[in-house]
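There are two complexes below, and they share chain A, which is joined by chain B in the first and by chain C in the second.
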Partner chain A sequence: MSETTSISVASAWRLAATHALPVSIAIVVAVFAVAEPAFLTPDNLLGIVRQIALVGIMAAASTFVIMTGGVDLSVGPVLALAGLVAYFVLGAGYPVPVAVLAGLGIGLFIGLLNGAAIGFLDLPPIIVTLASLSIVRGAALIVGGPDLHSIRDQPIYSAIGTGSLAGIPLPVWIFAAVVLLLVFVQVRTPFGLLVAALGENERAARLSGHRTRITKMLVYGLSATGAALAGIVLSSQVHTASATYGPFGTELDVIAAIVVGGTSIMGGNGSVVRTVVGVLFLGVVSNGMNLLNVPIDVQLIAKGAIIVVALGLSARR
Partner chain B sequence: MIPAAIREPVIVGRGLTQVYGAATVLDDVDIRIDPGEVRALIGSNGAGKSTLVKILTGAVRPTAGTVEVVGQQVHLGSPSEMIGRGVACIYQHSNLAPALSVLDNIFLGRNPTRRLGLVDRPRQRREAQALLARHGIQIDLDVPAGSLPAVKQKEVEILKALALDAKVLLMDEPTGWLASADVANLHATIRKLKGQGVGILYISHMLDEVFAICDTMTILRDGRVVAENAVADISRARAIELMIGRQLAAQTKEASEARVSRMTGSVRLKARGLARNGVFSGVDIDLNAGEILCITGLIGSKRTELVRAIFGCESLDAGSIEIDGAPIAVKSPSEAIAAGIGLVPEDRHRDGLMLGLSVSENLMMATLGRFRRGLLLDRGGMATAARRLIASLNVKPASETRQVRLLSGGNQQKVLLGKWLDGRPGILMLDEPTVGVDVGAKAEIYDILRAARDEGAAILVVSSDIEEVLAIGDRVGVMSAGRLVSVHPAKALTASSLVTMIGEAA
Partner chain C sequence: MAGRYSILPLVGFFILVFAFFSFTATRFASATNIENLLSGFSFVAMLAVGQAFPILLRGIDLSVGAIVAVVGMIVFDLSLIFGVPGWLILPVALLAGAAAGALNGVLVVYVRLQPFIATLATLAAYRGLVYSISGRQLVPELSTTPLRDPWIIGLETYFDVGRFLGISSIVKLPWIPLSFVALLALVAVLQLVLSATRFGRDLFAVGGNLEGARLAGINVARVTVAAYAISGACAALAALFLVARLTTATEALGIGAELTAIAAAVVGGVSLQGGVGTVVGPAIGAFLLGVILLGLTLLGVSQFVQQIMTGVILLAAISYDRLLALRVRRAGPSL
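Let's look at the complex of A and B:
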């Protein structure tokens, strides 16, 4: 039977595709552990998690965008602008929570604008967020100029990026909290189901009576809010805000983590948990290559190759 | 039996067997097609038709068996080899590049070239014109393929196959999306091909067509050939019986004979003067609780557009709609659904289903609101409701967590239907509800619709299938060129009177 054919062939591929990533992580970890004993030390492992927290927060928040079949290229400048906004609000004498909310708010605002253009004007996500990438970077440069603004005498704000709880850095806790929240949203809320439905078949979702435009707007709002949160954590970590943070390539790291995790770039099939695994994998590979003194140019090529392989597998999933 | 072939058969399959794990889906099947023969391949979903077609196109390599094309053994499991030998397949869904011209589509991927690999367009045109002349097909070579009506697009696909010098043409549900007049056109083309000595395997759920166009038939059930007959030697009832087994056949017959004069309830949906500029106009509809109103007509009579507009997918330029006596203005599907209207669209893959989501998620997609608990979704409640629906709709396999992608066409259609059937008896509109669905599932879908009607649902069915309209309709409306020409009680109609009416309306 036709169904049986496709099931058996597809399920074999699916088996390979579903387990490829955990198996790859195990192999990569084993290789690095043998090649460089420093790799498996607790300090280094914690370092990996700390390094990936920022990309992790952004990738988790951007997963829903990819699941709807869209893409958000504007995360880098949003990260920069959110840090600057928080810096200026702090500088104006407002308390830390207000500064954080202002930073997140500017992210949410930009994201909703992106989403409105995509959802209500039916513009292609890649163009809208590409334009947004340029516009927001320009806005950040107007707000912050070319300089680094150092954030001094703000112990509470600085604690966001540099503090730790139970021996684990706060950014890692924040990453974990974001992931838990988003997994919950994905699995347990109507919004989460609608995101998958939209990516699977937008026409059918509309014919089922769902307001797909609003859902689209919200996923971009969520993605940019995640980027803004990463911007606040970063500015707190490095005690500075700058319009040049989140340089070109930030959006690629985010998309790479989502796609390597196995969320389909065509939309539909995907999950926040997969993105976390993708972030971990890329983090481990990058850390291991650093320890082994692999030159950065080779690292870039390796990263690109991994993305291609991951895409190949996810197409078979 | 088939008269002894004078010429060598164009294709012969022997002992074709396909085993997947523990399941034997094709068991020692023989098939043979002579030049100029149109052989029907029929059977329920799951009978093995698709697997057999896939073997003949080279998409799958069988576990056992051999295939000869024009006397030569072929290497199985290679699509390029089968095409090279002259075995072409025309699928139910179009495989054309819509933006390219007819000419470019015919030669897509193997254009005749001159030096430097440049396309030899004059030669391409000459060859295409020769092809048209030889097969007596008339078509404008320079218009974009996508701008042609569906039946002409099928002809372009046939031309594409003929340009390859096809000796065997596999046609998988070729008329699935065509209206009856277009079917006749396609059949005329097939007869011309017959005259050219092409052997055709015609896979269809439509027995009418099989009896109209085919010379011989191979009936598959559960992976085995249960009958090989000349079409002239077998009755329609016997063919159905062989396809689906004796018992189910009796049930189907009973159900269609059980139609009685029915008392219908109050008017649920009342439409007056519905119009959309340049599409349809002056459409009045009274749809009662407890009735099935079928709207039939030729393709292009704008039936789909009408139901889509009532559902709020497209805007109305004039007219009013009342539901239960209260006027409403529906501007979007969500408003239509809030007013108690459901729509099962014609193209279930494009507009209906989320193939990667589960049966449960698809079934509840239109009524998710019921499972909202504050900000949360009651997944347990969804699963329970889904299991109940799966049982009442007889969806197989009975698993609410299975991806809809993995279901057969008939079962997918039941899921699509089921999403409107849980809860209140509403107003349900269905556009070609049994296209591409096998006979067994068709009967089940009719039973589901009748049961919903008997519970008080107001059902409007758009259908080109005369048999279907007469089997389930309580009243039948005929639409033509954007107007609802007339509405008749179904019991006053016969197939021939209805066909005449459709013809006259157009």
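Let's look at the complex of A and C:
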């Protein structure tokens, strides 16, 4: 075996690994399109994007957290609490923008607290956000009880989740706007660079005089604000707010989308665009399996297998 | 190595909390309540004890709740559908749990996945597997049939210690559930493994410094797989007692249990930095959580506030762990 062959094999592996996800999406789409013609209809494709908008918003906003080598497990309850806060503010007679801002504000507040504990007290992210998962869920249940609160006679608020612009549902526009904003932040601002630097080598970033602690705090603030936005969109979509929304497992879906996209859970390597590809991939797979009537057990096993294969590939890189 | 973390403060805190509720909550120090505590939280303690092993390696096992469900369903199927005798089911169930755990270890070592991701993936996959093998769906008429096998149901036994000692007329002692006795045995064996065997020393070495351990000739792959297998086997043991208590298994068994287990392990002083911890600690940590939750319930505190309290306890425990680490660093490397 000559040396050139082994190098070309290695580079082929690397090539396959870097483009594995777009290639897999193409393959999966092709398979589903052949197996079920209804898959490729515009209605279904739009349906896919609409279904993934909520997880997409959360995953895009949480990408920076993973890039810094952290994790945010508290997104589910934050989603629930933000919807409830918006519901109560609307009920008190305030206009819609105030309600939306209040919901986003509570998310930002919780996220900043998470970030402060992680950035300034140096506590491990997984435990801090696990604790806040429990605390925020308890708080949401105290605020809203276990019942559903229906949001009636609020046409403007309901439009957030159910309206559409140019034939495309508003949640999809919101998802797109969030992604564009975050991509801009990541590529064009010092903050974006610092996030990558933090994940790559936190000590070096700190010794270079960067404000790593504040950056960490903001990153978690951003993640929770994304979850709050998803909560507002959800409560508007289903016309109800409840403390039980965003059940256990929501955070795992969000993290799965980010890491399947190729952002390294070790930090440093990653991007918002990759997350979008990851969200799309999982969305396409789950929609296709639903169309083909694949039972839920096989879907869950497939999801686990996909995560293993995607990350096993990227570990070889 | 275990010297950095003494379990004495934890035991002291446990006694303090216990005394607090004994004075403030009527019926807290009653025999019935202690029975509830012992039987309800031995299950959590088993999971926490198992969880200590991956965490000692700077890993984590998110799949324990799903393993509980898989093993529970295996017991259900073997006993009700296939009529396998109970004495055979028990070892098969433990082996199945160990195998499920070992797969986590294989994913971590050979596929080079982060433990968090590997066990996240198997969490999803095992949950799916539970539905695939669910006897409740394969044979719907069995779903209301309780398990009757004496070997399995027999696990839900209580010992009247007071009567045995002949003092039941003087003081009413709580009956001790078999699950608590099993937990004590489990803790004793695993603590011995951890502090007196070569495997235990290797475990601390790998968790403290992976590269150093590898260079010292320790078989890191084998140690890692074994640690995850132990976690899986502990989950299986917990599943057996849970199934015996419920006399059935459901698909939803053990949902969210991994979070409580991790919380108990961290409260019990197993450091997420790896290489520091005991087996006794997580077990005490689980009962500390139990005492606080049951005490608050008896005080009439809403279940929602309890959820908040769980989070606060977790934060307090991890802050304390952090404080200890800082103190050691300031005291210099000689410690």
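Definition applied: the second predicted complex is superposed on the first by the 303 of 317 C-alpha atoms of A that agree within 3 Å, B and C clash if a C-alpha of one lies under 4 Å from a C-alpha of the other, contacts with A are read in each partner's own complex, and residues count from 1 in each chain.
The working rule: contacts are C-beta pairs under 8 Å (C-beta built on N, C-alpha and C of every residue); 3 or more make two chains touch, one makes a residue touch a chain.
Note that the structure is predicted; figures quoted are calculated from it, not measured.
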Next item on the list: Return the chain, chain B or chain C, that is in touch with more residues of chain A.
Entry: C
Next item on the list: Would you sort A:N269 into first (chain B), second (chain C), both or neither based on which partner it touches?
Entry: first
Note to self: A:R188 in the overlay: touching chain B, chain C, both, or neither? Say first, second, both or neither.
What the structure shows: first
Notebook entry, point to check: Should A:S150 be classified as contacting the first partner (chain B), the second (chain C), both, or neither?
Noted result: neither
Check: Touching A:I135, do we find chain B (first), chain C (second), both, or neither?
Finding: second
Next item on the list: Identify the partner contact of A:T41: answer first if only chain B is touched, second if only chain C is, both if each is, neither if none is.
Entry: neither
Checklist line | First, second, both or neither for A:R203, with chain B first and chain C second | finding: first
Notebook entry, point to check: After superposition on the shared chain, which partner residues are touched by A:V308: those of chain B (first), chain C (second), both, or neither?
Noted result: second
Next item on the list: Would you sort A:A117 into first (chain B), second (chain C), both or neither based on which partner it touches?
Entry: second
Next item on the list: In the complex, go through chain A and note every residue touching chain C.
Entry: 71, 117, 121-124, 126-128, 130-135, 137-139, 141-142, 248, 252, 255-256, 259, 265-266, 295-305, 307-308, 311-312, 315-316
Check: What residues of chain C sit close enough to touch chain A in their complex?
Finding: 60, 107, 111-114, 116-118, 120-132, 255-256, 259, 262-263, 266, 272, 302-312, 314-315, 318-319, 322
Notebook entry, point to check: In the complex of these two chains, what residues of chain A are touching chain B?
Noted result: 1-8, 187-190, 192-194, 196-197, 200-201, 203-211, 268-269
Notebook entry, point to check: Residues of chain B touching chain A in their complex?
Noted result: 18, 20-21, 23, 25, 46, 48, 50-51, 54, 60, 223, 311, 313, 333-334, 336-338, 343, 345, 350-357, 361, 365-366, 368, 371-372, 375-377, 379, 406-408, 419
